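Below are two complexes that have chain A in common, paired first with chain B and then with chain C.
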Partner chain A sequence: MRATGQALLSHWRRHPGQLLLLVLGLAMATALWSAVQAINGEARRSYDQAAQQLGAAQIDILVPRAGDGIALSRYVALRRAGWQLAPVLEGRWRLPDRSVTLQGIDLLSHPPIPALAQLANSDEMDPLALLQPPGRLIAAPGLARYLRTLPDLPPVLEAPDLPPDRVITDIALAEELLNRSGALSRLLVLREQSPGLPPLSTLAPELIRQAPSEKTSAQRLTDSFHLNLTAFGLLSFAVGLFIVHGMIGLAFEQRRGLFRTLRAMGVSLRGLIALLLVELILLALLAGGLGLILGFFLAGALLPDVAATLRGLYGAPVEGGLTLRPLWILSGLGMALAGTFMAGGQALWRVARLPLLSAPGVQSWSARARSGHRWQALGGAGLAVVGVLSVLLFDGLLAGFALLAGIMLGTALALPVVLSLLLTLLQRSARGPLAEWVWSDMRAQLPGLSLALMALLLAIAANIGVGTMVSSFRLTFLGWMDQRLSAELYVTARNDAEGAALQEWFRQEGIRALPIRSLDTRYNGTPLRVYGVIDDATYRGNWPILEATTDSWDRIAEGRAILINEQLARRFDLWTGDILTLQADWELPIVGVYSDYGNPNGQAIVSLPDLLERAPDIPHRQFGLRLPPQDVAALQSRLQDSFGLPASAMIDQVSLKRESLAIFDKTFVVTGALNILTLGVAGFAILTSLLTLWTQRQPQLAPVWALGVTRAQLARLEILRSVLLAVLTWAIALPLGLALAWVLLSVINVEAFGWKLPLFLFPLDWLRLAVLAILAAALAALIPARRLRRLPPADLLKVFAHER
Partner chain B sequence: MLLSIRNVTKAYPGQPPERAVLRDVSMELGAGETLALTGESGSGKSTLLHLAGALDHFDRGEILLDDQPYSDLGDAGRARLRRGQIAVVFQQFNLVASLTVAQNISFHARLSAQHDTNWTEALTDRLGLRDLLDRYPEQLSGGQQQRVAIARALAPRPRLLLADEPTGNLDEAASEAVMSLMLDLVADSGTALFLVTHSEQIAGRLHRRLHLRGGTLQ
Partner chain C sequence: MLCWLPLQALAQGFAGLGTNADGYAIPERDYRLSFPQDHGPHPDFRIEWWYLTANLQDQHGTPYGIQWTLFRSALQPGEAEGWRSPQLWMAHAGLTSATRHFSAERLARGGIGQAGVSTAPFSAWIDDWRMTAPNATLNQLKLSATDAEFAYDLTLTAEGPLILHGAQGYSVKSREGQASYYYSQPRYTLSGTVTLEGQVIPVTGQAWLDREWSSQPLSSGQSGWDWFSLSLDSGAKLMGFRLRDDAGDFTSGTWITPDGQATALSPGAFQARSLEVQTVDGTEVPTRWEVRLPDRDLAVEVTPLNPDSWMDVSFAYWEGPVQVTGTHQGVGYLEMTGYR
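Up next, the complex of A and B:
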């Protein structure tokens, strides 16, 4: 057994480059996959931790079916009926520089909050001080430090385990700070309840009881983002596996003669397979370990951007640090092993079926691969059909991703046949013997290169698809910002009294001010923000309407109608003409739907007087001011002089757009990085294929050289051949990428975020990708071409002497 | 004289000069002449043929084709010579696997811009390849492949045809048939033939024969 093992391993000693490429390919695949998993895992742990620290992760809650809160009287009634409940008042608390979540709780009835446990044991925490005026605010250290800089706030205590954007306080103080008295956001249904209580559905039909979902709200909101990352990680892993498959296939094929000899010398098939299995496991562990190290550093580099995206887009709390965890290591190694067996399974199966007397040969590998391409293409067509059917028959994000996977993998599998057909056509139209030979030789090389080209196809298509999606989104977002952010200056008062004073001042000064006032409420148990607007040409002329009746703004101004955002429309299938019930006695016909990007929740617009009639106490602090752009700076100074408003309370349109765009761009930094990495892996796949094919190239090139084509010419043709294959692959990847973009914009985005985006075309980006693909292919071919250019004639002559 | 080989010595890397594969070898071949080179395995026959075909480099001496010294030629000049003046038939046939029989036959002639359709068709017919034109080399028997290799070599009407054991892979009957055809065609096209063979019988059918032993001509 030892001697057999040594004989098998001698292959790697003779081909160290092949071993290196195999290990690197698998390591890169594992690295990209593990990095994505580490990022996702870290984010999910943050959500879990945040939910657990708040102590309400596993408790049922009661929320209003519709409306902006639960009346205090309803809470009292339920308590009197015997229900053990803990009230919570929660809302966005607008501070001068930022807004945070303020959570008011009844400290006496609320279940223990782990994040506060440490605080409870310290001297700082005096329960009476929390309950008695001025009360206490509790926040994570960073936020606590900021809160202490603000005037007129009660003392702030630090709780290191609280999420970074959340402040906890007594419910009475929260009412005051949020300016919401007499209403509660939700009621926690405590575990210990007396038996025989009257059902909640009878006592409070306007409330919905929500079971503790396994997922936190942050997890639900960010699911699509993580699914997106996972899909990218899987794509990168698949691209890497193409390299591994090719390498293992070649290594097994080159050793067919050795396997035959070993079998003839009495080594049992079972023993041979066992040794090869051990070899694969060792390779997988080695490459997997290397991949984990690379993945850890890659995740560490990408995580801060991902954390910023999750905070910016979803308000989900994610720390920027990465911790090495045993489960992650095990799953990474497991993935490397699974990938190796997926890539090497076919080769092992072939060895198991190897007839003792069959002739070995590298050529037979190509011949078999060619014959399999037709079946492969049929399988690809089948996958694409399954993908299309899945989206026709099922709803949801997974069906969308099934469609993506179907068309991507389907086209990749069909690539060799499509390329072969294209090359046949090109060969027929070729003029001159060398051109004829180049096309025919490219076709002959396809079996050896097809895996790398499939990897390149997937990488280019993903780049075009995701790039088109991001650029289309960006273009739409820019247009949307122009429409939506039409005021020249946005001003935020420090409190409602100052807001009222500002409004009066604007009136006296003749400045056109648009109050920005909203009510946070719920529709069918989901968050809904209702804005009240005054009748102004700004809205009529600029609002990003997707569909609306011609008299929509007139009817809104009269308080007889409502506009809703696309998310709300799609989530509840509510469109123009339908009726939206905001409260039991407040029903309005929908007169239009508008686009609203960067916000996962529902939103609506009604007339401001109507809104104030229903909710007179909503915050009155923000204004959009219309004035000539050149007067903005002067007005800012006057506001500073008259009201002492800090600079951060006034933001001009240009700055606001710039900041919004910066957040938008940051969101897609990770996608861009993964895009480039996937393309890099595909380029590497081409290099490995060309290098492994090198041993087979000499018998094909030597006769042409002998007929009078110089080595320099042949070397140039080698590069040209690689470049032409990359260009053809790019040409096939282009429509695939656009199909991918369409699916992302029209299916995945709708499912994930609730908005549909128009598809724009960016031909310059395609050309840039073509140049990148050409460069990758040319660079990959450079090493074998250089080797060919310097190959001594004696080596080429060995082909004729049959000394190889 | 068409081909002149003058005091050529060739050693492979690591070989001491006294054990060089070829030592001070000189010979000449006239236009249209046929010459057989015999010798034991490892005597340097193929090496001499490769040097004559401008396929490899020698260490000392000179080789001239139509008085053009090889040592003056760079890689491109040697390639031009092989493309335009010389053709080679190898024992392993060495057809271009990705081209059809028809494309293989005309490949060399078209490379050297000496493609003559009538002559190529005549070669195709005389070598019995008419029905095989659309096939690929891997679909042919050894004898068929060798006939394609001969057709390819003669299609550009080279001044010099080098053949390295062209029938070494064929049985006796096939070998005889292929040799007869090659000799007839060489005579018709006025090409000089420099043939390496183990077979005394084949060597006897050529104008002249030389024997190589231990790197020197006998």
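Up next, the complex of A and C:
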């Protein structure tokens, strides 16, 4: 057994390059997959921690279907009907230099808040002091220090685990500080309830019960982001497996003679398979371990950008740090093992059925493969149909991804047949015997190369699809920013009094100021921000309208209509002509829908006087100023002199656009990086496949050489063949990539963000990809071609003397 | 529910262990109780309760006990609207059989309507736990409480007059003169259902309602009390309590004849001696008692229906139905606080 093992392993000693490629391929696949897993895991852990620290994880909540609050009397009525609930009053608390979230809780009913556990056990925490005037504020140390500098506030306690922008206090004090009495923001449905209570839906039809999973829109939306990443990770892994498949196939192919010799010497088939299995496991563990190390560093490099994206786009708190977790290591190694067996299974199967004495045959294998290809193509078509059906039958992100996976895998599986057909067509136009041989030889090589070409197809298509999506999005976003950010200078006051003073000053100075004021409320339980605008040409001329009636702005100005953003329109299927119920006594006809790429939540626009009538206390601090661009700097310094406004409170249009674009670009850094890596892996796959085929090539090339074609010619033809196949694959990948882009823009984006984007075409990118694919294919063919050129003629002659 | 807050401070207020009366009203000997106002809350006093216990049996004679208590505790004297109210409310419900004991607790802030007591008609409530009357008297009550594991729903009818303890309801609690206002309706008959492990059981029995409020019921040396309400088969009733003190216990009580004549017992007349101590939920409590009232030739042994009648709530104590044997036979309720 030991000798057999040594004999098997000696192959790797003689082919260290092969071993290196195999390990590297598997390591890369594992690295990409586990990096994505690490990023997802880290982000999810951050959300969970944030939710748990506030003691609200796993608890259902009741929120108003519409409007911005729950009447206190409703809470009391539900309590008196037997429901065990805990009330929360939460709102933005405007402080002189910033605003924070103030969360008022009923200390007697609220579930434990882990972030306060430490504090609760300390002497500082006196529940009686919390419940009686002046009360206590609880905040993270940084915020606590700031709060202590402000006059007329109750004593502040510190809880290090609280989010940095959140203050917790008793609900009585929260009412006072937020200037809202008799209203609640949400009710927690406590876990222990008496049996047989009347249903909440009949007791309080105006409230919606939300499970923890759907609680924060940020969580729901980030889920789609993570699903996106996971899909990419899986794609990279699959592409990586093509390399492994190629290398294992090569190693087994080259050892066929050895296997037969060993079997003839009396090694049992079971023993041989067992040894090969051990070899595969060792390889998988080695490469998996290496991949985990690579993946850890890759994740570490990408995580800060992902964290910035999640914070910027969804407002989800994610830390930039990465910690090593046992589960992650196990799942990474598991993936490496599973991948190795998937890739090596076919080779092992072939060894198991290796006839002891039969002649080595290559042709029969190809013939078998060709009939297999037909089945494969049928399977591919089936997959594509399933994908299309899933998106027709089901809604949601998963259906979108099923469609993607279906058409991608389906096309990949059908690739060999399609290529074969193409080559047959091309062969017809061939002139002369050599040309005909080239085409038919290419077709003959397809079975061996098809996996690598499938990998290339997937990589190119993913690159085109994602590239088109990102570039289309970026172009749309740029245009949208130009429309939306039309004011030359944006000014933020530190408090409402200063806001009022600023407005008066603008009026005196004759500066056109557009107040930016909004009310945070809810529509069907989801967050909705309602902006109040004054009648101004800025809106009429620039607002990024998707559809609207001709008199929309007139009707808005009269307070008789509402404009909503695309997210809200799509989520609730509300379009021009429908009625939007903001509150029980506040219904407005929708006169238009505008695009909004700033955040995933619902938004609407009404007339400012109308909004103020219903919500007089909304913040009055932000202004967009219209003035000639050359006057912006002068106005900034005047504002600084007159009001002492800090530079950070005034941002000009150019800087604002630059910052927004920077956030946008960061969003897709990870996707871009994964894209390039996937393409690299695919190039690698072609190289390994060509190397695998190399041993089979000699018997095929020898007769052609004997007929007078020089080795240099043959080498050039080798490169040409590889390049041609790459070009053909690219040509098939192009429409697939565009289909992918369409799905991403029109299906996935709608589900993930709530907006649909127009598809733009970027032919230069396609050309760049074609060049890349050609370069990769040429480079991959270079090594075998160089070997061919330098092959001693004697070796080619030997082919005739003893066919393997 | 409250494990994150050190609520002992609150609970002590509820249990009457707050010994400092600053700012609060103090019971006065010459105050005359007047109804229905005094059935309602007295927010200027620190602590107050509506305390009902009942001994029940089902149609097979299987005994049960239930407790329904609403406590009011003021962080400051007086009342205010909304969340700013300084009044806190707490309620305990218990259901005891010979083998099982359930306890439940509810907490509420005053001022918002989640809990409270109104007088015309009489209604005391917290969440969906209720003690209500059709009028301003306590003569006919509907009583209910529900928790995850048990529930009860009972109708009570008074069979005698209200009893004023001590001197016209002024009940002295220590040698230093701490006192509370204290009256009872010790004679209700009742019928209704208890729900135990999903099973609805029809029951009948008798109940005893205590009303008490004060600002400083215990003196500084007192650590807790043992309180007995006994309904004897003769129709007589005995209420007696022992306030445990390092410097010697203080006992008092009321003897009520079958026709409703109440006699305040002089300090020391009521004698209670622990016969057996058991560990219940990690706390040593006396579970068998000898009670003597030499003036009335009464010498009885008081044994619990279920020694494990531990009220596992924010402020834990022992409360459960008891049986009386000896010179007199009967049933009753026993409450023991301050052992933990």
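Annotations
By our rule, the second predicted complex is superposed on the first by the 580 of 804 C-alpha atoms of A that agree within 3 Å, B and C clash if a C-alpha of one lies under 4 Å from a C-alpha of the other, contacts with A are read in each partner's own complex, and residues count from 1 in each chain.
As a working rule, contacts are C-beta pairs under 8 Å (C-beta built on N, C-alpha and C of every residue); 3 or more make two chains touch, one makes a residue touch a chain.
The structure displayed is predicted, hence computed values, not measured ones.
In the superposition on chain A, A:Asp305 contacts neither chain B nor chain C.
Judged by the touch definition given at the top, the superposed model places A:Ala444 against chain B, while chain C stays out of reach. In the overlay built on the shared chain, the residue A:Gln700 is in contact with chain B alone; chain C does not reach it. Legend: residue contacts after superposition of the two complexes on their common chain; A:Glu488 is shown touching neither chain B nor chain C.
In the superposition on chain A, A:Glu436 makes contact with chain B only, not with chain C. A count of residues in chain A touched by chain B and by chain C gives the higher number to C. Within the superposed three-chain model, A:Gly708 lies in touch with chain B and out of touch with chain C [touch as defined at top].
Judged by the touch definition given at the top, the superposed model places A:Leu797 against chain B, while chain C stays out of reach. Chain A has no residue lying at the interface with chain B in one structure and with chain C in the other.
Taken in their complex, chain A has these residues touching chain C: 55, 72-73, 75-76, 79-82, 84, 106-109, 111-113, 116-117, 120-121, 125-128, 131-133, 170-172, 175, 181-182, 190, 192-196. Here chain B touches chain A in the complex through residues 12, 46, 50, 53, 55-57, 75-76, 79-84, 88, 90-92, 94-99, 103, 106-108, 110-112, 138, 164, going by the rule given at the top. Residues 1-7, 9-10, 75-76, 82-84, 86, 88, 107-109, 112-114, 125, 127-128, 146-148, 151, 198 of chain C touch chain A in their complex.
Per the touch definition, chain A reaches chain B in the complex via residues 367, 432-434, 436-437, 440-441, 443-444, 699-700, 702-713, 793-794, 796-797, 799-802.
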